[in-house]
Amino acid sequence: MAHDHSHGMSNAEMQQCIRECLDCYATCTATAVHCLTLGGQHASVEHQNILVDCAKICHTSADVMLRGSYMYAQACKVCAEACRTCARACETVGGGDAMMQQCAEACRRCAESCERMGSRVV
Amino acid sequence: MAHDHSHGMSNAEMQQCIRECLDCYATCTATAVHCLTLGGQHASVEHQNILVDCAKICHTSADVMLRGSYMYAQACKVCAEACRTCARACETVGGGDAMMQQCAEACRRCAESCERMGSRVV
Amino acid sequence: MAHDHSHGMSNAEMQQCIRECLDCYATCTATAVHCLTLGGQHASVEHQNILVDCAKICHTSADVMLRGSYMYAQACKVCAEACRTCARACETVGGGDAMMQQCAEACRRCAESCERMGSRVV
Amino acid sequence: MAHDHSHGMSNAEMQQCIRECLDCYATCTATAVHCLTLGGQHASVEHQNILVDCAKICHTSADVMLRGSYMYAQACKVCAEACRTCARACETVGGGDAMMQQCAEACRRCAESCERMGSRVV
(Lines give C-alpha, C1' and ligand atoms only; values in the text may rest on other atoms or scores of the structure.)
Protein backbone atom coordinates (compact mmCIF):
# COMPACT_ATOMS: atom_id res chain seq x y z
CA MET A 1 0.00 0.00 0.00
CA ALA A 2 2.66 2.42 -1.08
CA HIS A 3 1.98 6.13 -1.10
CA ASP A 4 4.73 8.66 -1.64
CA HIS A 5 3.30 11.22 -4.03
CA SER A 6 4.82 14.12 -2.22
CA HIS A 7 1.80 15.98 -0.88
CA GLY A 8 3.15 15.97 2.65
CA MET A 9 0.52 13.50 3.80
CA SER A 10 2.25 10.21 3.23
CA ASN A 11 3.19 9.71 6.78
CA ALA A 12 2.80 6.78 9.09
CA GLU A 13 -0.35 8.14 10.75
CA MET A 14 -2.22 8.47 7.47
CA GLN A 15 -1.02 5.04 6.33
CA GLN A 16 -2.36 3.62 9.58
CA CYS A 17 -5.70 5.40 9.05
CA ILE A 18 -5.99 4.01 5.51
CA ARG A 19 -5.41 0.50 6.89
CA GLU A 20 -8.01 1.01 9.65
CA CYS A 21 -10.54 2.32 7.12
CA LEU A 22 -10.05 -0.64 4.76
CA ASP A 23 -10.19 -3.10 7.64
CA CYS A 24 -13.37 -1.47 8.96
CA TYR A 25 -14.88 -1.48 5.47
CA ALA A 26 -14.17 -5.21 5.14
CA THR A 27 -15.38 -6.08 8.63
CA CYS A 28 -18.64 -4.12 8.33
CA THR A 29 -19.36 -5.61 4.89
CA ALA A 30 -18.92 -9.17 6.17
CA THR A 31 -20.77 -8.38 9.40
CA ALA A 32 -23.81 -7.05 7.52
CA VAL A 33 -24.20 -10.45 5.82
CA HIS A 34 -23.61 -12.24 9.12
CA CYS A 35 -26.37 -10.10 10.68
CA LEU A 36 -28.76 -11.00 7.86
CA THR A 37 -28.30 -14.66 8.74
CA LEU A 38 -29.01 -13.90 12.41
CA GLY A 39 -32.29 -12.17 11.52
CA GLY A 40 -34.48 -10.16 13.86
CA GLN A 41 -33.10 -6.79 14.94
CA HIS A 42 -29.79 -7.66 13.25
CA ALA A 43 -31.54 -7.73 9.89
CA SER A 44 -33.52 -4.52 10.40
CA VAL A 45 -33.15 -1.74 7.82
CA GLU A 46 -31.73 0.48 10.56
CA HIS A 47 -28.96 -1.88 11.62
CA GLN A 48 -28.15 -2.96 8.07
CA ASN A 49 -27.93 0.66 6.92
CA ILE A 50 -25.64 1.55 9.81
CA LEU A 51 -23.26 -1.24 8.80
CA VAL A 52 -23.41 -0.48 5.06
CA ASP A 53 -23.04 3.28 5.62
CA CYS A 54 -19.99 2.63 7.76
CA ALA A 55 -18.50 0.33 5.12
CA LYS A 56 -19.10 2.79 2.29
CA ILE A 57 -17.91 5.85 4.13
CA CYS A 58 -14.78 4.02 5.35
CA HIS A 59 -14.03 3.06 1.78
CA THR A 60 -14.55 6.62 0.55
CA SER A 61 -12.22 7.97 3.26
CA ALA A 62 -9.53 5.45 2.41
CA ASP A 63 -9.84 6.40 -1.24
CA VAL A 64 -9.56 10.13 -0.54
CA MET A 65 -6.45 9.53 1.61
CA LEU A 66 -4.85 7.15 -0.89
CA ARG A 67 -5.08 9.86 -3.55
CA GLY A 68 -3.60 12.46 -1.20
CA SER A 69 -6.66 14.64 -1.66
CA TYR A 70 -7.25 17.90 0.20
CA MET A 71 -10.68 16.62 1.35
CA TYR A 72 -9.27 14.00 3.71
CA ALA A 73 -10.01 15.88 6.94
CA GLN A 74 -13.70 16.31 6.12
CA ALA A 75 -14.02 12.76 4.85
CA CYS A 76 -12.39 11.45 8.04
CA LYS A 77 -14.69 13.50 10.28
CA VAL A 78 -17.81 12.01 8.70
CA CYS A 79 -16.14 8.59 8.78
CA ALA A 80 -15.39 8.85 12.50
CA GLU A 81 -19.04 9.58 13.15
CA ALA A 82 -20.26 6.67 11.02
CA CYS A 83 -17.80 4.37 12.85
CA ARG A 84 -18.89 5.55 16.32
CA THR A 85 -22.52 4.95 15.41
CA CYS A 86 -21.75 1.51 14.04
CA ALA A 87 -19.67 0.52 17.08
CA ARG A 88 -22.55 1.48 19.39
CA ALA A 89 -25.09 -0.37 17.25
CA CYS A 90 -22.98 -3.55 17.14
CA GLU A 91 -22.61 -3.47 20.92
CA THR A 92 -26.29 -2.75 21.55
CA VAL A 93 -27.69 -5.26 19.07
CA GLY A 94 -24.85 -7.78 19.40
CA GLY A 95 -25.77 -9.60 22.57
CA GLY A 96 -22.37 -11.21 22.93
CA ASP A 97 -22.04 -12.33 19.31
CA ALA A 98 -18.29 -12.68 18.63
CA MET A 99 -18.36 -11.27 15.09
CA MET A 100 -20.32 -8.19 16.14
CA GLN A 101 -17.92 -7.61 19.00
CA GLN A 102 -15.04 -7.82 16.54
CA CYS A 103 -16.88 -5.37 14.27
CA ALA A 104 -17.40 -2.91 17.13
CA GLU A 105 -13.68 -3.05 17.86
CA ALA A 106 -12.69 -2.43 14.23
CA CYS A 107 -15.13 0.52 14.17
CA ARG A 108 -13.66 2.04 17.34
CA ARG A 109 -10.08 1.72 16.10
CA CYS A 110 -11.09 3.35 12.82
CA ALA A 111 -13.04 6.12 14.58
CA GLU A 112 -10.03 7.00 16.74
CA SER A 113 -7.70 7.05 13.77
CA CYS A 114 -10.14 9.13 11.68
CA GLU A 115 -10.67 11.59 14.52
CA ARG A 116 -6.93 12.26 14.56
CA MET A 117 -6.90 12.84 10.80
CA GLY A 118 -10.08 14.92 10.95
CA SER A 119 -8.60 17.29 13.51
CA ARG A 120 -5.48 18.10 11.49
CA VAL A 121 -5.23 21.70 10.45
CA VAL A 122 -5.73 21.69 6.70
CA MET B 1 -35.18 4.64 -9.70
CA ALA B 2 -38.01 3.63 -7.41
CA HIS B 3 -37.77 4.27 -3.70
CA ASP B 4 -40.73 3.84 -1.38
CA HIS B 5 -39.35 2.05 1.64
CA SER B 6 -41.39 4.09 4.09
CA HIS B 7 -38.75 6.03 5.99
CA GLY B 8 -40.41 9.36 5.29
CA MET B 9 -37.62 10.44 2.99
CA SER B 10 -38.86 9.16 -0.34
CA ASN B 11 -40.11 12.46 -1.52
CA ALA B 12 -39.59 14.34 -4.73
CA GLU B 13 -36.81 16.52 -3.35
CA MET B 14 -34.69 13.56 -2.31
CA GLN B 15 -35.37 11.79 -5.60
CA GLN B 16 -34.21 14.90 -7.39
CA CYS B 17 -31.07 15.04 -5.23
CA ILE B 18 -30.27 11.39 -6.00
CA ARG B 19 -30.56 12.14 -9.71
CA GLU B 20 -28.33 15.21 -9.43
CA CYS B 21 -25.73 13.22 -7.49
CA LEU B 22 -25.64 10.40 -10.04
CA ASP B 23 -25.51 12.88 -12.91
CA CYS B 24 -22.68 14.79 -11.23
CA TYR B 25 -20.83 11.53 -10.51
CA ALA B 26 -21.08 10.56 -14.19
CA THR B 27 -20.13 13.99 -15.50
CA CYS B 28 -17.10 14.35 -13.20
CA THR B 29 -15.89 10.85 -14.04
CA ALA B 30 -16.04 11.51 -17.79
CA THR B 31 -14.61 15.01 -17.37
CA ALA B 32 -11.58 13.71 -15.45
CA VAL B 33 -10.64 11.57 -18.47
CA HIS B 34 -11.35 14.47 -20.82
CA CYS B 35 -9.01 16.64 -18.72
CA LEU B 36 -6.27 14.01 -18.90
CA THR B 37 -6.39 14.26 -22.68
CA LEU B 38 -6.14 18.07 -22.47
CA GLY B 39 -3.00 17.82 -20.31
CA GLY B 40 -1.31 20.70 -18.51
CA GLN B 41 -3.15 22.09 -15.51
CA HIS B 42 -6.17 19.92 -16.41
CA ALA B 43 -4.09 16.80 -15.76
CA SER B 44 -2.55 18.03 -12.49
CA VAL B 45 -2.99 15.89 -9.37
CA GLU B 46 -4.89 18.76 -7.78
CA HIS B 47 -7.48 19.10 -10.54
CA GLN B 48 -7.80 15.36 -11.10
CA ASN B 49 -8.32 14.77 -7.37
CA ILE B 50 -10.98 17.48 -7.19
CA LEU B 51 -12.90 15.78 -10.00
CA VAL B 52 -12.49 12.25 -8.63
CA ASP B 53 -13.33 13.35 -5.07
CA CYS B 54 -16.49 14.99 -6.35
CA ALA B 55 -17.44 11.87 -8.32
CA LYS B 56 -16.86 9.53 -5.37
CA ILE B 57 -18.56 11.69 -2.80
CA CYS B 58 -21.56 12.24 -5.09
CA HIS B 59 -21.83 8.50 -5.54
CA THR B 60 -21.62 7.90 -1.79
CA SER B 61 -24.33 10.50 -1.12
CA ALA B 62 -26.62 8.96 -3.73
CA ASP B 63 -26.08 5.56 -2.16
CA VAL B 64 -26.85 6.79 1.35
CA MET B 65 -30.07 8.45 0.12
CA LEU B 66 -31.13 5.45 -1.97
CA ARG B 67 -30.96 3.29 1.14
CA GLY B 68 -32.96 5.83 3.17
CA SER B 69 -30.12 6.04 5.68
CA TYR B 70 -30.11 8.43 8.63
CA MET B 71 -26.68 9.77 7.52
CA TYR B 72 -28.01 11.53 4.43
CA ALA B 73 -27.80 15.07 5.81
CA GLN B 74 -24.13 14.74 6.73
CA ALA B 75 -23.27 12.99 3.49
CA CYS B 76 -25.04 15.73 1.52
CA LYS B 77 -23.23 18.50 3.41
CA VAL B 78 -19.81 17.10 2.49
CA CYS B 79 -21.08 16.46 -1.04
CA ALA B 80 -22.23 20.06 -1.47
CA GLU B 81 -18.75 21.23 -0.50
CA ALA B 82 -17.00 18.84 -2.89
CA CYS B 83 -19.35 19.99 -5.68
CA ARG B 84 -18.76 23.71 -4.99
CA THR B 85 -15.01 23.14 -5.07
CA CYS B 86 -15.25 21.18 -8.31
CA ALA B 87 -17.49 23.77 -9.99
CA ARG B 88 -14.98 26.53 -9.13
CA ALA B 89 -12.04 24.43 -10.35
CA CYS B 90 -13.75 23.59 -13.65
CA GLU B 91 -14.50 27.26 -14.24
CA THR B 92 -11.01 28.41 -13.28
CA VAL B 93 -9.10 25.77 -15.20
CA GLY B 94 -11.64 25.38 -18.00
CA GLY B 95 -10.85 28.35 -20.22
CA GLY B 96 -14.05 28.06 -22.19
CA ASP B 97 -13.90 24.29 -22.75
CA ALA B 98 -17.49 23.13 -23.33
CA MET B 99 -17.23 19.89 -21.35
CA MET B 100 -15.76 21.60 -18.31
CA GLN B 101 -18.50 24.23 -18.43
CA GLN B 102 -21.07 21.44 -18.53
CA CYS B 103 -19.30 19.80 -15.58
CA ALA B 104 -19.33 23.05 -13.59
CA GLU B 105 -23.08 23.31 -14.19
CA ALA B 106 -23.76 19.74 -13.08
CA CYS B 107 -21.68 20.40 -9.94
CA ARG B 108 -23.63 23.59 -9.11
CA ARG B 109 -27.01 21.89 -9.57
CA CYS B 110 -25.87 19.04 -7.34
CA ALA B 111 -24.43 21.41 -4.73
CA GLU B 112 -27.72 23.32 -4.50
CA SER B 113 -29.73 20.15 -4.19
CA CYS B 114 -27.36 18.70 -1.57
CA GLU B 115 -27.40 21.91 0.43
CA ARG B 116 -31.18 21.64 0.72
CA MET B 117 -30.89 18.03 1.90
CA GLY B 118 -28.01 18.87 4.23
CA SER B 119 -29.99 21.56 6.00
CA ARG B 120 -32.96 19.34 6.82
CA VAL B 121 -33.50 18.86 10.51
CA VAL B 122 -32.63 15.23 11.15
CA MET C 1 -23.57 13.07 -18.47
CA ALA C 2 -21.23 14.37 -21.14
CA HIS C 3 -18.62 12.11 -22.64
CA ASP C 4 -16.60 13.06 -25.70
CA HIS C 5 -13.05 12.06 -24.89
CA SER C 6 -12.38 10.76 -28.37
CA HIS C 7 -11.84 7.05 -27.83
CA GLY C 8 -14.42 6.14 -30.42
CA MET C 9 -16.79 4.81 -27.79
CA SER C 10 -18.78 7.91 -26.99
CA ASN C 11 -21.73 6.99 -29.09
CA ALA C 12 -25.40 6.92 -28.36
CA GLU C 13 -25.48 3.20 -27.59
CA MET C 14 -22.79 3.46 -24.93
CA GLN C 15 -24.46 6.54 -23.43
CA GLN C 16 -27.69 4.58 -23.25
CA CYS C 17 -25.90 1.66 -21.57
CA ILE C 18 -24.34 3.98 -18.98
CA ARG C 19 -27.81 5.35 -18.18
CA GLU C 20 -29.28 1.84 -17.89
CA CYS C 21 -26.44 0.77 -15.59
CA LEU C 22 -26.85 3.77 -13.29
CA ASP C 23 -30.62 3.34 -13.25
CA CYS C 24 -30.25 -0.36 -12.45
CA TYR C 25 -27.69 0.41 -9.74
CA ALA C 26 -30.11 2.88 -8.14
CA THR C 27 -33.15 0.63 -8.44
CA CYS C 28 -31.39 -2.43 -7.02
CA THR C 29 -29.95 -0.42 -4.12
CA ALA C 30 -33.38 0.93 -3.16
CA THR C 31 -35.04 -2.44 -3.75
CA ALA C 32 -32.61 -4.22 -1.42
CA VAL C 33 -33.76 -1.96 1.43
CA HIS C 34 -37.40 -2.41 0.41
CA CYS C 35 -36.86 -6.20 0.53
CA LEU C 36 -35.37 -5.96 4.02
CA THR C 37 -38.58 -4.32 5.19
CA LEU C 38 -40.62 -7.12 3.60
CA GLY C 39 -38.61 -9.78 5.45
CA GLY C 40 -38.76 -13.54 4.85
CA GLN C 41 -37.23 -14.75 1.60
CA HIS C 42 -36.80 -11.12 0.47
CA ALA C 43 -34.37 -10.54 3.34
CA SER C 44 -32.38 -13.73 2.82
CA VAL C 45 -28.62 -13.47 2.30
CA GLU C 46 -29.09 -15.00 -1.13
CA HIS C 47 -31.63 -12.47 -2.38
CA GLN C 48 -29.90 -9.50 -0.72
CA ASN C 49 -26.56 -10.51 -2.25
CA ILE C 50 -28.11 -10.85 -5.71
CA LEU C 51 -29.46 -7.30 -5.45
CA VAL C 52 -26.27 -5.82 -4.00
CA ASP C 53 -24.05 -7.67 -6.50
CA CYS C 54 -26.18 -6.35 -9.34
CA ALA C 55 -25.99 -2.80 -7.95
CA LYS C 56 -22.21 -2.92 -7.51
CA ILE C 57 -21.44 -4.54 -10.82
CA CYS C 58 -23.76 -2.10 -12.65
CA HIS C 59 -21.94 0.76 -11.00
CA THR C 60 -18.55 -0.66 -11.94
CA SER C 61 -19.63 -1.12 -15.57
CA ALA C 62 -20.93 2.44 -15.75
CA ASP C 63 -17.65 3.68 -14.34
CA VAL C 64 -15.56 1.71 -16.82
CA MET C 65 -17.66 3.04 -19.73
CA LEU C 66 -17.64 6.63 -18.45
CA ARG C 67 -13.84 6.55 -18.48
CA GLY C 68 -13.76 5.10 -21.98
CA SER C 69 -11.74 2.16 -20.74
CA TYR C 70 -10.76 -0.80 -22.89
CA MET C 71 -12.31 -3.19 -20.32
CA TYR C 72 -15.90 -2.18 -21.05
CA ALA C 73 -16.82 -5.31 -23.03
CA GLN C 74 -15.75 -7.67 -20.24
CA ALA C 75 -17.32 -5.52 -17.55
CA CYS C 76 -20.59 -5.42 -19.51
CA LYS C 77 -20.62 -9.20 -20.00
CA VAL C 78 -20.40 -9.83 -16.26
CA CYS C 79 -22.93 -7.06 -15.69
CA ALA C 80 -25.43 -8.61 -18.09
CA GLU C 81 -25.19 -11.86 -16.17
CA ALA C 82 -25.66 -10.19 -12.78
CA CYS C 83 -28.69 -8.33 -14.17
CA ARG C 84 -30.29 -11.47 -15.65
CA THR C 85 -29.86 -13.26 -12.32
CA CYS C 86 -31.35 -10.34 -10.42
CA ALA C 87 -34.31 -9.99 -12.81
CA ARG C 88 -35.14 -13.69 -12.35
CA ALA C 89 -34.77 -13.45 -8.55
CA CYS C 90 -37.03 -10.39 -8.34
CA GLU C 91 -39.70 -12.13 -10.40
CA THR C 92 -39.46 -15.40 -8.46
CA VAL C 93 -39.37 -13.86 -5.00
CA GLY C 94 -41.51 -10.83 -5.86
CA GLY C 95 -45.00 -12.27 -5.73
CA GLY C 96 -46.56 -9.31 -7.47
CA ASP C 97 -44.79 -6.63 -5.42
CA ALA C 98 -44.73 -3.48 -7.57
CA MET C 99 -41.23 -2.35 -6.61
CA MET C 100 -39.71 -5.74 -7.33
CA GLN C 101 -41.46 -5.86 -10.69
CA GLN C 102 -40.00 -2.44 -11.46
CA CYS C 103 -36.58 -3.73 -10.39
CA ALA C 104 -36.88 -6.77 -12.64
CA GLU C 105 -37.68 -4.49 -15.56
CA ALA C 106 -34.70 -2.20 -14.90
CA CYS C 107 -32.49 -5.28 -14.68
CA ARG C 108 -33.74 -6.66 -18.00
CA ARG C 109 -33.27 -3.35 -19.79
CA CYS C 110 -29.73 -3.11 -18.41
CA ALA C 111 -28.95 -6.73 -19.29
CA GLU C 112 -30.02 -6.19 -22.90
CA SER C 113 -28.00 -3.02 -23.21
CA CYS C 114 -24.92 -4.64 -21.59
CA GLU C 115 -25.20 -7.68 -23.84
CA ARG C 116 -24.96 -5.42 -26.87
CA MET C 117 -21.88 -3.70 -25.43
CA GLY C 118 -20.35 -7.00 -24.34
CA SER C 119 -20.58 -8.46 -27.82
CA ARG C 120 -18.75 -5.60 -29.54
CA VAL C 121 -15.50 -6.60 -31.14
CA VAL C 122 -12.81 -4.96 -29.01
CA MET D 1 -11.53 -8.76 8.53
CA ALA D 2 -13.75 -11.43 10.03
CA HIS D 3 -15.92 -13.55 7.80
CA ASP D 4 -17.74 -16.61 9.10
CA HIS D 5 -21.20 -16.38 7.62
CA SER D 6 -21.40 -20.05 6.88
CA HIS D 7 -21.58 -20.19 3.13
CA GLY D 8 -18.68 -22.59 2.86
CA MET D 9 -16.42 -19.95 1.40
CA SER D 10 -14.86 -18.47 4.51
CA ASN D 11 -11.64 -20.31 4.17
CA ALA D 12 -8.07 -19.17 4.31
CA GLU D 13 -7.67 -18.98 0.54
CA MET D 14 -10.61 -16.63 0.10
CA GLN D 15 -9.47 -14.50 3.05
CA GLN D 16 -6.08 -14.24 1.40
CA CYS D 17 -7.67 -13.25 -1.91
CA ILE D 18 -9.73 -10.54 -0.20
CA ARG D 19 -6.54 -9.16 1.35
CA GLU D 20 -4.71 -9.22 -2.00
CA CYS D 21 -7.61 -7.45 -3.71
CA LEU D 22 -7.78 -4.70 -1.10
CA ASP D 23 -4.01 -4.28 -1.15
CA CYS D 24 -4.01 -4.12 -4.95
CA TYR D 25 -6.90 -1.63 -4.90
CA ALA D 26 -4.95 0.59 -2.49
CA THR D 27 -1.67 0.30 -4.35
CA CYS D 28 -3.19 1.03 -7.77
CA THR D 29 -5.12 4.02 -6.41
CA ALA D 30 -1.98 5.56 -4.91
CA THR D 31 0.10 4.65 -7.96
CA ALA D 32 -2.34 6.40 -10.33
CA VAL D 33 -1.74 9.67 -8.47
CA HIS D 34 2.01 9.02 -8.38
CA CYS D 35 1.92 8.50 -12.17
CA LEU D 36 0.06 11.79 -12.66
CA THR D 37 2.94 13.56 -10.94
CA LEU D 38 5.44 11.79 -13.22
CA GLY D 39 3.58 12.98 -16.32
CA GLY D 40 4.20 11.83 -19.88
CA GLN D 41 3.15 8.30 -20.70
CA HIS D 42 2.42 7.69 -17.00
CA ALA D 43 -0.33 10.30 -17.14
CA SER D 44 -1.88 9.08 -20.40
CA VAL D 45 -5.57 8.18 -20.43
CA GLU D 46 -4.60 4.61 -21.30
CA HIS D 47 -2.26 4.09 -18.35
CA GLN D 48 -4.48 5.96 -15.89
CA ASN D 49 -7.51 3.93 -16.96
CA ILE D 50 -5.60 0.66 -16.58
CA LEU D 51 -4.69 1.61 -13.00
CA VAL D 52 -8.16 2.88 -12.09
CA ASP D 53 -9.90 -0.10 -13.72
CA CYS D 54 -7.67 -2.44 -11.75
CA ALA D 55 -8.39 -0.57 -8.51
CA LYS D 56 -12.16 -0.57 -9.07
CA ILE D 57 -12.41 -4.16 -10.18
CA CYS D 58 -10.22 -5.32 -7.27
CA HIS D 59 -12.52 -3.47 -4.90
CA THR D 60 -15.61 -5.00 -6.48
CA SER D 61 -14.12 -8.52 -6.23
CA ALA D 62 -13.23 -8.00 -2.58
CA ASP D 63 -16.77 -6.81 -1.92
CA VAL D 64 -18.36 -9.79 -3.64
CA MET D 65 -16.16 -12.19 -1.65
CA LEU D 66 -16.72 -10.39 1.65
CA ARG D 67 -20.47 -10.86 1.21
CA GLY D 68 -20.03 -14.54 0.35
CA SER D 69 -21.80 -14.01 -2.94
CA TYR D 70 -22.22 -16.69 -5.58
CA MET D 71 -20.68 -14.34 -8.20
CA TYR D 72 -17.18 -14.50 -6.74
CA ALA D 73 -15.68 -16.80 -9.41
CA GLN D 74 -16.75 -14.54 -12.28
CA ALA D 75 -15.72 -11.38 -10.45
CA CYS D 76 -12.31 -12.93 -9.72
CA LYS D 77 -11.79 -13.98 -13.34
CA VAL D 78 -12.31 -10.43 -14.60
CA CYS D 79 -10.18 -9.16 -11.73
CA ALA D 80 -7.29 -11.47 -12.60
CA GLU D 81 -7.34 -10.11 -16.13
CA ALA D 82 -7.40 -6.47 -15.00
CA CYS D 83 -4.48 -7.21 -12.65
CA ARG D 84 -2.41 -8.95 -15.33
CA THR D 85 -2.94 -6.00 -17.68
CA CYS D 86 -1.99 -3.52 -14.97
CA ALA D 87 1.13 -5.46 -13.96
CA ARG D 88 2.33 -5.49 -17.57
CA ALA D 89 1.57 -1.77 -18.01
CA CYS D 90 3.43 -0.84 -14.82
CA GLU D 91 6.46 -2.82 -15.93
CA THR D 92 6.41 -1.44 -19.47
CA VAL D 93 5.81 2.19 -18.54
CA GLY D 94 7.65 2.07 -15.23
CA GLY D 95 11.26 2.35 -16.31
CA GLY D 96 12.63 1.29 -12.96
CA ASP D 97 10.37 3.51 -10.84
CA ALA D 98 10.16 1.86 -7.39
CA MET D 99 6.48 2.57 -6.79
CA MET D 100 5.45 1.19 -10.14
CA GLN D 101 7.50 -1.93 -9.53
CA GLN D 102 5.74 -2.34 -6.18
CA CYS D 103 2.41 -1.88 -7.98
CA ALA D 104 3.28 -4.52 -10.57
CA GLU D 105 4.08 -6.95 -7.76
CA ALA D 106 0.82 -6.27 -5.92
CA CYS D 107 -1.05 -6.79 -9.20
CA ARG D 108 0.69 -10.13 -9.88
CA ARG D 109 0.00 -11.44 -6.38
CA CYS D 110 -3.66 -10.44 -6.73
CA ALA D 111 -3.91 -11.95 -10.22
CA GLU D 112 -2.58 -15.30 -8.98
CA SER D 113 -4.91 -15.34 -6.02
CA CYS D 114 -7.91 -14.35 -8.17
CA GLU D 115 -7.07 -16.99 -10.77
CA ARG D 116 -7.28 -19.65 -8.07
CA MET D 117 -10.67 -18.33 -6.91
CA GLY D 118 -11.89 -17.91 -10.49
CA SER D 119 -11.17 -21.53 -11.34
CA ARG D 120 -13.15 -22.99 -8.43
CA VAL D 121 -16.08 -25.07 -9.48
CA VAL D 122 -19.14 -23.09 -8.44
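Letters A, B, C and D mark the chains as written, and numbering starts fresh at 1 in each.
One rule holds in what follows: contacts are C-beta pairs under 8 Å (C-beta built on N, C-alpha and C of every residue); 3 or more make two chains touch, one makes a residue touch a chain.
This structure is a prediction, so every number in the text was calculated from the model and none was measured.
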item	value
Chain A on chain B, rotation in degrees - Cα superposition, rounded to nearest 5	180
Self-contact between copies chain A and chain D, residue sets same or different by half	same
Contact-richer chain pair (by C-beta pairs counted) among A-C and B-C	B-C
Chain centre separation (chain A, chain B; CA means) in Å	22
For chain B paired with chain C, centre-to-centre distance based on mean C-alpha positions, whole Å	21
CA centroid of chain A to CA centroid of chain C, Å	27
Contacts with 2+ other chains: residues of chain A	5, 33, 37, 45, 49, 63, 67-68
Residues of chain C touching chain B in the complex	1-6, 18, 22-23, 26-27, 29-34, 37, 59, 62-63, 66-68, 99, 102-103
For the chain B and chain A complex, residues of the former touching the latter	5, 7, 45-46, 49-50, 52-53, 56-57, 60, 63-64, 67-71, 74-75, 78, 81-82, 85
List of chain C residues in touch with chain A within their complex	33, 36-37, 39, 43-45, 48-49
